[in-house]
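Given below, in the form of structure tokens, are the structures.
Shared between the two complexes below is chain A, which has chain B as its partner in the first and chain C in the second.
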Partner chain A sequence: MASVDGVVLCVVSGARLAVSADQVDAIATAEGPVWDAGVAFGATSDPAGRALQCLGRLIRFDSIDVVATVGLPVLPVPAALVNTAHGALTGFVELSGTLWPLVALDRLLGFLEARSR
Partner chain B sequence: MAEGPRGHLVFACGGSLYAVPAERASEVVNLPVLTRVPGAAPHLLGVFAHRGEVLPVIDLARLIGKPVDEIFKRVVLVRVGKGAMAFTATKVIGVAPIEGAPPRLGESGALAFMHGPARVPAGECAAIEPEGLLEYLSRGR
Partner chain C sequence: MTTPLPKGRSRWITNPSTIAAPLGVLIGVSYVASTLSLPEGTGRWYAGLIVAVVIVFNVSADLWEQTRLKTIRGLGDGTIAPSPATLEQAAREASQAATTTFFLALGAFVVGSGVIAALWYAIAHPPLIVAVRIGLVGLLVGPITAVMANLLVLPRARRVLHELAAAGLSPDALARAVPVQYALRRRLVLYAAVAVLTPMMLVADASLARSNEIFEKVRAQPDVASARAVMEAQKAEGFGALSGLGVVTVFMVVLCGWLSGSVLGDPLNKLGQETERLAKGRYERGRLVVAENEIWAAATAMTAMEAHLLDAVGGAKEASRGIRDAAVELVENGTQQEQGAAEQSAALMATTATTEELARSARQISANAQRVSEIARGTLAAAQGGKASAESFTSAMGEVRGGNQAIADSVVKLNKRVQQVGRIIEFIDGIADKSDLLALNAELEGHKAGDVGQGFGLVAAEMRRLAENVMTSTREIARLIEDIRDATNAAVMATEAGVKATDSGAALAAKVSNSLGDIVEFANLSADAMQSISLATVQQQAGSDQLVAAMEDINRSTRKNVESAKEMASTQTALVTLSKELEEVVDTFGGRS
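Let's look at the complex of A and B:
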């Protein structure tokens, strides 16, 4: 089974997303031009939320936490979801019995851009 | 040689009856708390982990554009070669034979993978072709 070392856990509009820590350049204040992760759930993120920086761009969430667990198992994406959100889903991680969708930030950015057009 | 009747698991969802081949229906479980999926279509209610596997929950009524005003309490787990999925159910009727091959209910979309009307003791139902429906769902949107 695939695994991931360190994840960033993000909450937006009550929904959960996890990102592999190695995809994140920085955690920053959500100032200036940001992409709203809430759009992926048909909602809007908290304007006072925090942002992940990736590829020079910022994606805003309501809250962000870092979990340093090494070798966290990644459950595969079900066949029905492989192309959801521009293929941004790369798996699922389970932490304390709670499931978190693991996303590729670059593809999530592509999805958010397409949704905002 | 004509095909004999195939056993199907019949269940209700959104005021309609559906059926899946009995050999593809692996389990019926209570609807658990779901995890939302980014960018999901309205018919994808969320996912849950079951026996070490993540399963998507598909609302069949929303999938074919029917109004939904029911609360689902159970899901029917369906497994095909490419993977598994769970269909919402308000009531599981039981296993019934379906004779022959009813026509497709539509030429495109999800209805192209549903056949009917198929007669079962509880009434008329739409017989789902799970392999084709999963392939259709995996194309995304």
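Let's look at the complex of A and C:
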């Protein structure tokens, strides 16, 4: 079973998302051109929220938290959800009894770009 | 409407004389036959002369009469147009017809018997005494024949006079045409004398002549026996002629009596009827009873009296109609006056009631004015007190305004300080936010660095919690500051409102003070005015009381006027009734005018 060390937990429009800390370049304020993660859920994120920087671009969430984990098991994606959000869903992690979907930030960017068109 | 005179009236009037003349001749012949012994051979001449003279005189008399009635004949024939003058002339002729007939008959008999005697004496040479006696027969028979003819013509002449009146002859013209002659006594004496003396003389003369004849015959007898025989024979012999003369004489006397009675009685009877009609009030203009002598005078006087009465009745009718109309108009005016007086009385009653009410109101107003005057004085005192209170209130409001203004200034300063604190807190919050972000990135980098960065990550996490604590605190402080700002804003607004309220209050107080000043002034004026009003209402009360007394006097006078109007209306109604009764009474005398 795959595992991950260090995840960034994001909440947008009440939805939970987990991102591997390796894929995040930096955490920044949501100023300037940003991609709204709420679009993926048919909603709009808090403009005063925080943004994750990836590949030079910013994705805005309502809140962001960093969880220091080592060897956190990643639950596999069911076959029916493999292609969800341009294949951004890479698995699930369980933290404090709560299941968080683990997404690939670069694919999420591609999905958001496709939705914005 | 007039009726033309019938044709042939001139001849119709004189026809009776043609009837009376043969009767007179018959009487004369009977007288001669019973009283005279005509000589042998002279009787034929005597009879022929009688016939010739009777025809000549009758024709001559008739011609004479007709010339005296030519206007009547012309009106009947239509050769003379009826006019007042011709009708009056015709009336004159008709009124004289009977007299003309009388004298013509008398003259014809007197002259005719004389002519017969003279001619008979000249032709037959009878004894002179016989001829003279025959010549005097006309004096015996003529009067009764003339009277009889007169009495027979008179009714017809009256009839023609009536017909002339119907043809348009006015009663005045008739009165002029038939002059009044007061000869009734003379005429009655003449009728009586003729009716009595003629038969008496005829019978006496006939008896005397018969006695002489018998005496001569008896005297010529040689002895008594033969004389007695002659007397007995003469009794039976002379009875026939004498009895015939007596019968004819009696007939003529009775006829004359009947005719004279009719001539006198008919107009009297008609006058009685006319008088009875007048007594019943049935007056009629133009009615006339034609008569002669005093009866004619009475008839014309009655006609004139009736005309005058009709004029008087006409005048009385007009007067009674005028009285009735005036009375009716008077009643209408009286009724209007009565209604007007009643309406005036009602109006005065209402005015009196209103005046009394006005007097009561005046007394009430006077009392109220007194009270209002007292109240005005109380109001003046209260207004003066209120003005002083308002001035004190204005002063207090100024002080409150000053306190509020100070509070407002302090609150504004506090608000500014709070805002400064808020900005500091925002600055601190911004630092804490950036610190949190830095801590997040540090923690992220620490995790990325793996085991090497674990310690760094823990420190970063601790710093992040500190930053978050700061941020939590700053947010709490910011909320408190916000509360303070809200409170201070509310306080500022409250103090500003208080200032405004105190300003308004002060302004109002000033206005109240001014108003109270005005009120004091007005109350002072009102008190003076109410004092004047009170005095005026006292005078008005006195005037109203006098007015009430005057209205009561007027009301009494008006009630008397109404009663007088009612009495006048009653009197006028009685006057109308009397005028109607007068008109009805006058109408009973109306008849035909």
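We adopt the following convention: the second predicted complex is superposed on the first by the 117 of 117 C-alpha atoms of A that agree within 3 Å, B and C clash if a C-alpha of one lies under 4 Å from a C-alpha of the other, contacts with A are read in each partner's own complex, and residues count from 1 in each chain.
Methods note: contacts are C-beta pairs under 8 Å (C-beta built on N, C-alpha and C of every residue); 3 or more make two chains touch, one makes a residue touch a chain.
Everything quoted here is computed from the prediction, not taken from an experiment.
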Ask   = For the overlay on chain A, clash or fit between chain B and chain C?
value = fit
Message = Quick check for you: in the superposed arrangement, does A:Asn83 touch first (chain B), second (chain C), both or neither?
response = first
Task = Check the residue A:Glu113 against both partner chains and state whether it touches chain B (first), chain C (second), both, or neither.
result = neither
Query = Who does A:Ala40 touch here: chain B (first), chain C (second), both, or neither?
reply = first
Inquiry  = Contact-wise, after the overlay, does A:Val66 reach chain B, chain C, both or neither (first, second, both, neither)?
reply    = second
Request  = Go through the superposed model and pick first if A:Ile27 touches only chain B, second if only chain C, both, or neither.
outcome  = second
Query = Which chain, chain B or chain C, is in touch with more residues of chain A?
reply = B
Request  = Check whether A:Asp5 is in contact with chain B, with chain C, with both or with neither, and answer first, second, both or neither.
outcome  = second
Request  = After the superposition, pull out the minimum Cα separation from chain B to chain C in whole angstrom, please.
outcome  = 23
Ask   = Of all residues in chain B, which touch chain A in the complex?
value = 35-41, 44, 47-49, 52-56, 58, 82-85, 134, 137-141
Key: chain A residues within the chain B interface of the complex   = 14-17, 37, 40-41, 75-89, 92, 94, 98-101, 103, 108, 111, 115
Remark   = So, in the complex, the side of chain C touching chain A is made of residues 437, 440-441, 443-444, 446-448, 450, 454, 457-458, 461
Query = Within the complex, which stretch of chain A touches chain C?
reply = 5-6, 8, 21-22, 24, 26-29, 50, 64, 66, 68
